[in-house]
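Once you scroll down, you'll see the structures, which are given as structure tokens.
Shared between the two complexes below is chain A, which has chain B as its partner in the first and chain C in the second.
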Partner chain A sequence: MIEPILAIAGYTVKEHVRNRVFQLVYLFMAVLVAGALVVSALAQDQRLRMMMDSGLAGMELIALIGILFVTVNLVRDESESRSIYLLLSRPLERWQYILGRYLGTLSAIGAGIVLMALVHAGSLLFFGWRPDGIYATALLCAFGKIAVMGGLALFLSLATTSTPSAVAFTLFLWILGHFSVEISFLVEKAHNPFVKGIGWLVGVAAPDFAFFNFRDFMDAAITPSGEWFAWLAVYAFGYTLATLFLSSWIFSQREF
Partner chain B sequence: MFIIDKIAGMAEAVIQLKDVTKVYRRSHLGKTTESIGVEKVSIKVGKGEVFGLLGLNGSGKTTTIKMLMGLLYATKGEATLFGKAMPDASALARVGYLPEAAYLNRYLTGRETIRLFATLGGIPAGIREDRVNEMIRKVGMDDWADKRIEEYSKGMVQRICIGQALVHDPDLLIFDEPITGLDPLAINEVRSLILWLKEQGKTVFLSSHDISEVARVCDNIGILCAGKLAKTASADDYRNDPDKLEEIFKETVSGTQRVGALTFR
Partner chain C sequence: MRRPELLAAGLACLMLAGYAQSRARVSFASPFPDYSQLVFGNDRLQDMAFLSTGFRRLAADVAWIQYLQFLGVRDFGRGGYATPEELESGVQYPGLMLRTLRIVRLDPWFRQAYLYGASVFAWSNATKDPQNAVKLLKEGIHYDPDYWMYHTFLAAIAFKEKDNFDEMAETLEKALQHPDCPAVIKSILANFYKAEKRYADALRIWTGLLADDNAEEYHERAAGEIVRLRAALKR
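Presenting the complex of A and B:
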């Protein structure tokens, strides 16, 4: 049961690497080097702070762009090129195909995050940064967000009829996911049942990025508790599993 | 309704289509249109048989094959392979499929492609690499196996596609227009392959436009016209007379073309 999933994931990684998905990583490196030259005139603490913040935000943004544009075309490209015919003509369950493609894509983007983080951490060290647990937490949060967004983008790519609409819906929910606390507050305060219902629906559909907020710990310079990590993992895993389940169900109804 | 059941006492029907109908439904702006892909098609193919499905463009050959492969779902009736209603993973494990055009992932090498399909075909890891190497050798791609598919010619892609179809030693081979667009040498090779598969006791189901090739290799044929199985025949009816099958085909499809003839004179 696992071997076909790993086989699909393996060729998906190769496909992404050979399809130059890592060009985004090179873009990040170029921007980082340019940024380092610009901030080199600042005092050391300001310089480090700026490089840390912009580097982490840049990594997350580039990984998001990568997972979004790769995932929305993940099944569509293979359907249009018809290479999916041969794969599905093998003893491969549809959910195995979806899971394998997702895991392969997440692995490729995850490797990209690791590469970017190595370059970023290297440049920080060059400017006198001392490594701490918060940096690893920030990377974990970025990866969790990307995992969730990958699942969501895959589901929307199968639920919608075109790539632009899948991209638009995914970005819309990504933005809403950063306002989950505000949406919950509005739902609580709303009197109109229709508004309450819509707010609740949006709150459930959009990922709750409050779970991935490492900034408070960074500002206080403390490492999050084990319980915080556990909830982060449960939420990211649960949300992603739900999107993959729905994706598999939609995909199982598809004809080719 | 025609049923092909020429083999007396046939123990196992490898392929069975029972009154299979496929209706394509398309919705646009709230309006649904329907078109019939195939209608009440019944075919039975026994073990070791080479069966050819003939028909004009748009007659339903590819639709029939896709239903057998579980890529399309029958609207009515039932498509079974090895007694299992499709799609069924255990039945697909015994099938090799060669589609109309060789649809392979262009970013993979030939070796990676065959290895992928060997894995999906359930070949144990311990013998997989030997089987992959053997298949690469058999399809004559030793010198090209580590280059990417995007660098291959059409004939090379076809060879890798044949390799992926045979790597797991399937009992049933389904070929959708296997010789369309190939040069005469390649056509000869595909013909030899089908005859070799027959010698090995494999069952082969193929669709084609090429009447003479079908006449050379098939034990039984069916002719699809506008989605219906209009005629069946066995090798006894055409093997000794090369022109006989063409006559049967022309008689059967006459007047069923969905488009008019070209009239440049």
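Presenting the complex of A and C:
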């Protein structure tokens, strides 16, 4: 059961590494780190902080752009080129194909994040940064966000009819995900049951990214507990799995 | 409908995620100031763009750079922070308090912003307003109660307001030993020593600033002050 998934994940990683768009995205990261070096000089004695924040934000943004534009075309390209017929004619379940493609993409993006983090951490060390666990946790949380976004982008690419609409919906949900606390507040305050219901539905269906911005706690006097991290992991895993199951379900309805 | 079990599993996972979301919220409430407490001015589009993409600390960093430009070269940027009273009174830095609050409400643990803002309000003649300095430090203590530097600064301001300059200098000297101490407070204390004709103490602080890689903006001034103070000591 695992072997076909790993085989598809393996060729997906190779496909992405050879993809020019993918390579350009990481080249852009190098430019971004260099840019952070220049801009951070304006922050005077807060240079290290500025480099840290702009680097972490840049990495997340680059990874997001990477996973978004790669994932929305992940299945669509193979469907349009009809190479998918070759795959599905083999003893392969459609959900295995979806899971393999997703895991391959996530691995490629994960490797990219590690590469970017090495460049970023190197530049921070040069300016006197002392490595700590918070940096690794912030990176891990950012990766969780990217994993959720990847699943969501895959689901939307299958649920919508065109690439631009899938991109637009994914970006919209990404922004909405940063206002999850505010959505909950509106649901609490709403008196109209219809509005309350819609708000609740949006709150559950949209990702909750308020959890994943651990980098905001970098200098905080108060940090989340271990229990919070455990629920965060359950949330990321549950939400991603939900998008993958739903993607597999939509894909299983397709006629080829 | 083919494979309904996949749809059921997807919805079950979504419910699990919803449950984890509610449990996480119970286990840790967001300690950040509400959006209603944020100070935007005419930079609201910029700040909201950062917030809506989850880059809260970066928003504070950019606001910090704009704040330094405002204080350094009176670059008003998009403005929108000054009250009509401030604009009418012709103060040199209108809206300074709101500009400081903008940064610390975006990142309530931006220690340097509290300390720098409080220093400017407490000791700079151009922006003197000790009440604002105290207000800022108290807000800092609310989010970071164990950070001793806020308490030290409060004590120093209290001594200054009572014209107890020796106690003020002694309190600030303690702060100077800490790497977090803003360069602006070092220069303020050095100037105070110079005015009190304590040239050796002033020289010690300027020499330290000249050697401080994080205070490059003071190096030129420090070099000049060191020459003048050495000459004064020889007299």
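Everything below uses one rule, namely that the second predicted complex is superposed on the first by the 231 of 256 C-alpha atoms of A that agree within 3 Å, B and C clash if a C-alpha of one lies under 4 Å from a C-alpha of the other, contacts with A are read in each partner's own complex, and residues count from 1 in each chain.
Here is the rule we use: a contact is a pair of C-beta atoms (placed from the backbone, for glycine too) under 8 Å apart; a residue touches a chain by one contact, two chains touch by 3 or more.
Everything numeric in this text was worked out from a predicted model, so none of it was measured.
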- Message: With both complexes overlaid on chain A, does A:S81 touch chain B (first), chain C (second), both or neither?
- Response: first
- Message: Just checking: does A:S89 make contact with chain B only, chain C only, both, or neither of them? Give me first, second, both or neither.
- Response: first
- Task: Could you say whether A:S248 touches chain B, chain C, both of them, or neither, answering first, second, both or neither?
- Result: second
- Query: Is A:Y239 touching the first partner chain B, the second partner chain C, both, or neither of them?
  - Reply: second
- Which superposed partner A:P131 touches (first chain B, second chain C, both, neither): neither
- Task: Using the superposition described at the top, determine whether chain B or chain C touches more residues of chain A.
- Result: C
- Note: in the complex, chain A contacts chain B through residues 3-4, 7, 10-11, 14-15, 18-19, 78, 81-93, 255-256
- Enumerate the contact residues on chain A facing chain C in the complex. 39, 42-47, 49-50, 53-54, 57, 60-61, 95, 145, 174-175, 178-182, 184, 204-205, 208-213, 215-216, 218-222, 224-225, 227-228, 231-232, 234-235, 238-239, 241-246, 248-249, 252-253
- Which chain B residues qualify as touching chain A in the complex? 66, 69-73, 89-90, 92-93, 95, 97, 99, 101, 103-108, 112, 116-117, 119-122, 125, 148, 161, 164
- Taking the complex as given, what residues does chain C use to touch chain A? 1-4, 6-7, 9-14, 16-18, 20-21, 23-25, 27-28, 30-32, 35, 51-58, 61, 64-65, 68-69, 107, 109-112, 143-147, 182-183, 214-217
